[in-house]
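Next come the structures, one after another.
In the two complexes below, subunit A is the common chain; its partner is subunit B in one and subunit C in the other.
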Partner chain A sequence: MLDTIFIGLSVGSILLLVALGLAITYGAMGVINMAHGEMVMIGAYTTVMAAIWLHLGIIWAIPLAFFVTALLGLLIEKFVVRQLYGRLMDTLLATWGIAILLQQAVRLEFGLSFFGLHIAGLGPGLQNVTVPAFLQGTVTIGTAQINSYRLFIIAVTIVMTLLTWFIMHRTSIGMKVRAIIRNPKMAAACGIDVQRVNALTFAFGSGLAGVAGVMMSGFKTVFPDMGTPMVVDGFLVVVVGGVGSLVGSILSAGILGQVDGAVAAVWNDVIARAVVFGFVILTIVIKPEGLFSYKGRR
Partner chain B sequence: MKRLSSKSLIDIAFYAIFIIAILVAPRFLEEFGLNRLAKFLVYGILGIAVALSWGYAGILNLGQGLFFGLGAYMIAMSLKLSSATSLQQGSDKPVPDFMLWNAEPGSKTDLCCLNAGSFLWIPFQHQWFGILMGIVLPTLIALVVGLVIFRKKIAGVFISVITLSLVLLVRLLIIDAQPITNGWNGLTDLGTLAVGSVVFDPFSVETYYLVSISLALILILARLLTQTRAGMVLQAIRDDQNRVLYLGFDVPMYQVFFFAVSALIAGYAGMLYVLVAEFASPTFMDLSFSITMVVWAAVGGRASLLGACVGAVLINSIEASVSETKSLVEAWKVIIGLLFVLAVLYLPRGLAGLVHSGIDRLLERRNPYGTDVESTLPEEQAAE
Partner chain C sequence: MLLNRRKMLAGSAATLAAPYFFTRTAVAAGPIKVGVLFSLTGGLSIIEKSLRDATMLGIAEVNASGGVKGQQIEAIIEDAASDPKTYNEKASKLVIQDKCVSVFGSYTSASRKAVLPVFEKRNSLYIYPTFYEGFECSKNVIYTNAVPNQQLSNFVPWVMKTLGKKKFFIVGSNYVFPREMAKVEKILIKQNGGEFVADEYLELGDSEWGSMVNKIKSSGCDAVISNVVGDSIVAFYREFKNQGLSQDKIPICATVTSEIEIAAMGAEYAAGSFSSMPYFQAIDTDANKSFIERYRKFVNDPKAVTQSPLQSAYMGVFLWKQAAEKAAELAPIAIRDAFKGQEMDAPIGHVKIEPENLHTWLIPRIAQWQSDGQGKIVDQYSAPLMPLPYVAYGETETNLFCTSKGLDANKLKT
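Presenting the complex of A and B:
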């Protein structure tokens, strides 16, 4: 029983890391970033590359992946997303195009594979990350055997969530972001440089997804398409939780993770996913503003 | 009678050229090319379905594959039962081969009780039942979903999320119901549809004409539909929903109606696809396929039925010719991604928009004080 809950929790944690980024970018900017899943993928590849080229373990890969994906997010914001503010549907489509581009960049090794050059760690194949010894094995809590890597995921998620909460609620940039979530025009009128704050928000959200990618690389194979299901899941979490609400995202990631884990334990994985989708549809129909909505931006 | 403006005359000319082009194509193509073109024309029909719901109704349906897939599965079930292999499973009645592979030993070789769900296949022994269901089921589901969505005043992105979840949900259910749907593998090894003495073999000219004439009719009917009063109201709803509501129109009914029409077209396209490609599989309900349809429409022109249709045919033709060189397959995806980003950024009205503004410029030069006002893409609603 307890181990089922823990599996659900660790699945929920990764979902949460993905969803947190989406929640702030969607909440603050009204942008649906379909390339968010590719940030997860790139985070995972950063871990693979860091191990091969820099001999760095998974712990060091976390800040590295955060930095890489945040930088990439900044570039995407500057060259594409910025052109599309206010055209909500179009951001969804343009970022889908970017997602394809990023996948192909990894698969084709930035185009070098056409010239017969290969970069170790990239390419269309599957990659693996070895988890350091101290994260392998299990920890016994009560009667349950808990995989220690799953505990590590949960711990990292808690730290990142607290960090996000701290930035959003205790720093001046966070206050600006919250102001923009409430009312972007009014925020601009009060002298907030909305464009700059948005760019940073987007970068931070992408960085969180990169960290989620590092976590995923530890227990799943890494391949160029791995991000696509993540963005769907992350987006479902955001919608169920209520747009722009951090607490909502946290709770709904927990709920969806548990629903998935519990149904998978009783029935099977496929049905578990189906139940999650059904749950999301029901939520939108019954409470379109999300379970834990945030009054504002309306 | 109202005189047609030179612009709508040009529009009609474009429709005519396209329809004539697809009808005379069999004179220039051999069997294989014809089959391939038929497949692209089916995608063209899907493009029309997307343009109708996205361009005209402002509903971005990311689950159009659901209706396409359901239409495909319905007719594929009938064709599966009419295939030679289904008749040779040791029973006097047809039984799909995959059902026997996993059947309980000793169970009766009959659709009624082979496994828990096999009785669902019984009515599909009549091919017309499969064909009817291929149209009725997608439309019915769209009506129910549409009623819930639009009565509840769910709007914008949330519609996309619901339709997206729905298509993935159904896809998983089909995969999970392996005993009756053959799971991941889908339905293959199908029979051919025969109506009277005409046999719709995938490589025959008859099948091509079935597809191309269907496309021509759907294109014309959809175009006429958008010019009816209901079509006008629909476009008004897209541009400003509240205003139409205040004018006393029953907004949800119009939206539900066009949502269902779009689903019907997609379901019909699914059926044609099975005739041309001879299989139905859960990949029809992949998220990427549903989004790909939107790409076709976006590149061709979301607000133009013909544009979206041509966009679909064009992109797929290029893709097919590029895919013959193996190393270019992956490179083609890069081009698609790039094309999509650039189209959204710089050509929000797609190729059709480009052609339209070209024509406008020509007309202006001839008649500098012309009264044609360039139609502009309505500003999409900002985030609410």
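Presenting the complex of A and C:
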């Protein structure tokens, strides 16, 4: 019983890790970033490359991946997303194209594989990430044997969520972001540099995805396609939780995680996935703005 | 002579047609064209690129030793981009446009099924190097790797007798190959007096194994049979160890896990588990060691791993060469008929093409994975085993469903 609850918690924490960045970019900017999953993938590959080329472990890879993906997010925002503000379908298509570009760049090792050159850590194959010994194995809590690495992921998720909440609600830039979420035109009229704040928001959201990628690399398989299913899960969480609401994302991740874990324990994972989708559809039909949305003007 | 319109037309038609008759003979004396059809880009390229390399190594070695009766082989390589539709298009191009005499290709069953119509309609020949689920009896395909009975009729009895396991948890990826393997496994488990406590599936590519491993823990099984395919394998073995299960008490007995997945997951997660395949890189013969060396030199990667479909792709070229030399003419069907009964000593050992169903007699082996990422062969048959693609439906060596006359559909219904 405890095992099932823990699995649900763990699945939820992974969903939240991926969805946190998405909640911010989608909530703040209304940008559907289909390349978010690829940011996770880049974070995972940063871990692989850092281990091979810089001999850094997973812990050090976290800030490294954050900066790498934040930088990448900044570039994407500047060159693609900024040109398409207000055009929802076009950003969707454009970011989907970027996602494919990033996938193939990794798979083809930035084109070098055509010339017979290989970069260790890239390529179409499965990559290996060594998890430090203290994170392997299990920890016994009560009657259940809890996997240490999953506990670590939950811990990192909590830290990231608190960090995000702190930035959003206790700093001036967070206030600016919230103002832009409420009403971007009014925020601009109040003297907020909307373009700059949006760029930083996008970068922060991508950075969070990068950290998620580092966590994924430790227990999921690292390969170029790993990001695509994650962006779907991320959007499920954001849509159910309510656009722009951090609390909504946290709670919906928790709910979806528990539903998935519980159904999978009773039946099997295939049906669990179907039930989760059914739950999402129900929520959207009954409450289209999501579970915890604000009353704002866009 | 008076040129009238009729004579003019006849004369010019003959003049225009003449070169066709002359160049016909010129084409026949050139190199023999074969197709090499694998995914060089896309999700499947990681495995299929190495299959292309192994095939090209085989072709290079055959050419170096004189080719087929003195004629060199020219390989036309096409990229199928991990997409069955592209497989079909490229296969058509190779067979119809390039007039290839045979084609080597495919890894997934989906791609093989996609190209089958091309080869059957055009009466050409396809050499397929991957182990698959059986249940196929095409007269235009040579299957150079295992069918379920060659991976399982040694595996299940050995696990039950030597390891003493009785309760099996069958887990696989959710598509045709693992489901057909599970059918054969259930038959064999029952035959040997064991029981299966579960038969579960996870979507291809899904890497969230928390609930499934939890189920394995609480099922009371003493061994897991894994038909999991692809990148899910890595997440599965990792989750298994991370949830505290040990390979000593509940070993994972896999039919697909190979050297490639072991390298990706880290050898410590698989140490102690078992796989059943005819070929392992660890086969300790001079022929195999030399093959691995030559392959590594060919691809310029001293750490390259070899695995079952790779070896089959390589040996398929040599079996093809033998068939082509014996064939009455260099045409697909003649070569196919000459394939029947072909034998050779490949890196895997002695193999033979079964005349009735065009599959390959292979030596079944079981290996236990060690902490260095290599398998240690713990069991192998002394002689190759006959392939039975319909064993899940009752086929036996004395009652063949797939013969040289084709598939006996009546037997399938009973």
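Brief remarks follow.
By our rule, the second predicted complex is superposed on the first by the 297 of 298 C-alpha atoms of A that agree within 3 Å, B and C clash if a C-alpha of one lies under 4 Å from a C-alpha of the other, contacts with A are read in each partner's own complex, and residues count from 1 in each chain.
Definition applied: contacts are C-beta pairs under 8 Å (C-beta built on N, C-alpha and C of every residue); 3 or more make two chains touch, one makes a residue touch a chain.
Everything numeric in this text was worked out from a predicted model, so none of it was measured.
Once the two complexes are overlaid on the shared chain, A:Ile281 sits against subunit B while remaining clear of subunit C. In the superposed model, A:Leu108 lies in contact with both subunit B and subunit C.
When both complexes are overlaid on chain A, the residue A:Ile32 reaches subunit B alone and has no touch with subunit C.
Once the two complexes are overlaid on the shared chain, A:Gly210 sits clear of subunit B and of subunit C alike.
Residue contacts after overlaying the shared chain place A:Gly242 against neither subunit B nor subunit C.
Looking at the shared chain after the overlay, A:Val270 reaches both subunit B and subunit C. Across the two superposed structures, the residue set of subunit A contacted by subunit B and also by subunit C is 104, 107-108, 124, 268, 270, 273. Only residues 30, 32, 80, 83-84, 86-90, 92-94, 96-101, 103-105, 107-108, 114, 124, 228, 232, 235-236, 239, 268, 270-271, 273-274, 277-278, 280-281, 284-285, 288, 297-298 of subunit A touch subunit B when the two sit together in their complex.
Subunit A meets subunit C in the complex at residues 3-4, 7, 10-11, 14, 104, 107-108, 116, 118, 123-128, 130, 136-138, 145, 147-150, 219-226, 229, 260-261, 264-265, 268-270, 272-273. Within the complex, the subunit B residues that touch subunit A are 60, 148-149, 152-154, 156-158, 160-162, 164-166, 168-169, 172-173, 175-176, 287-288, 291, 294-295, 298, 327, 330-331, 333-334, 336-341, 344-345, 348, 379-384. Only residues 41-43, 45-46, 49, 174, 200-203, 205-208, 210-212, 214-215, 217-218, 231-235, 238-239, 241-244, 260-261, 263-266, 300-301 of subunit C touch subunit A when the two sit together in their complex.
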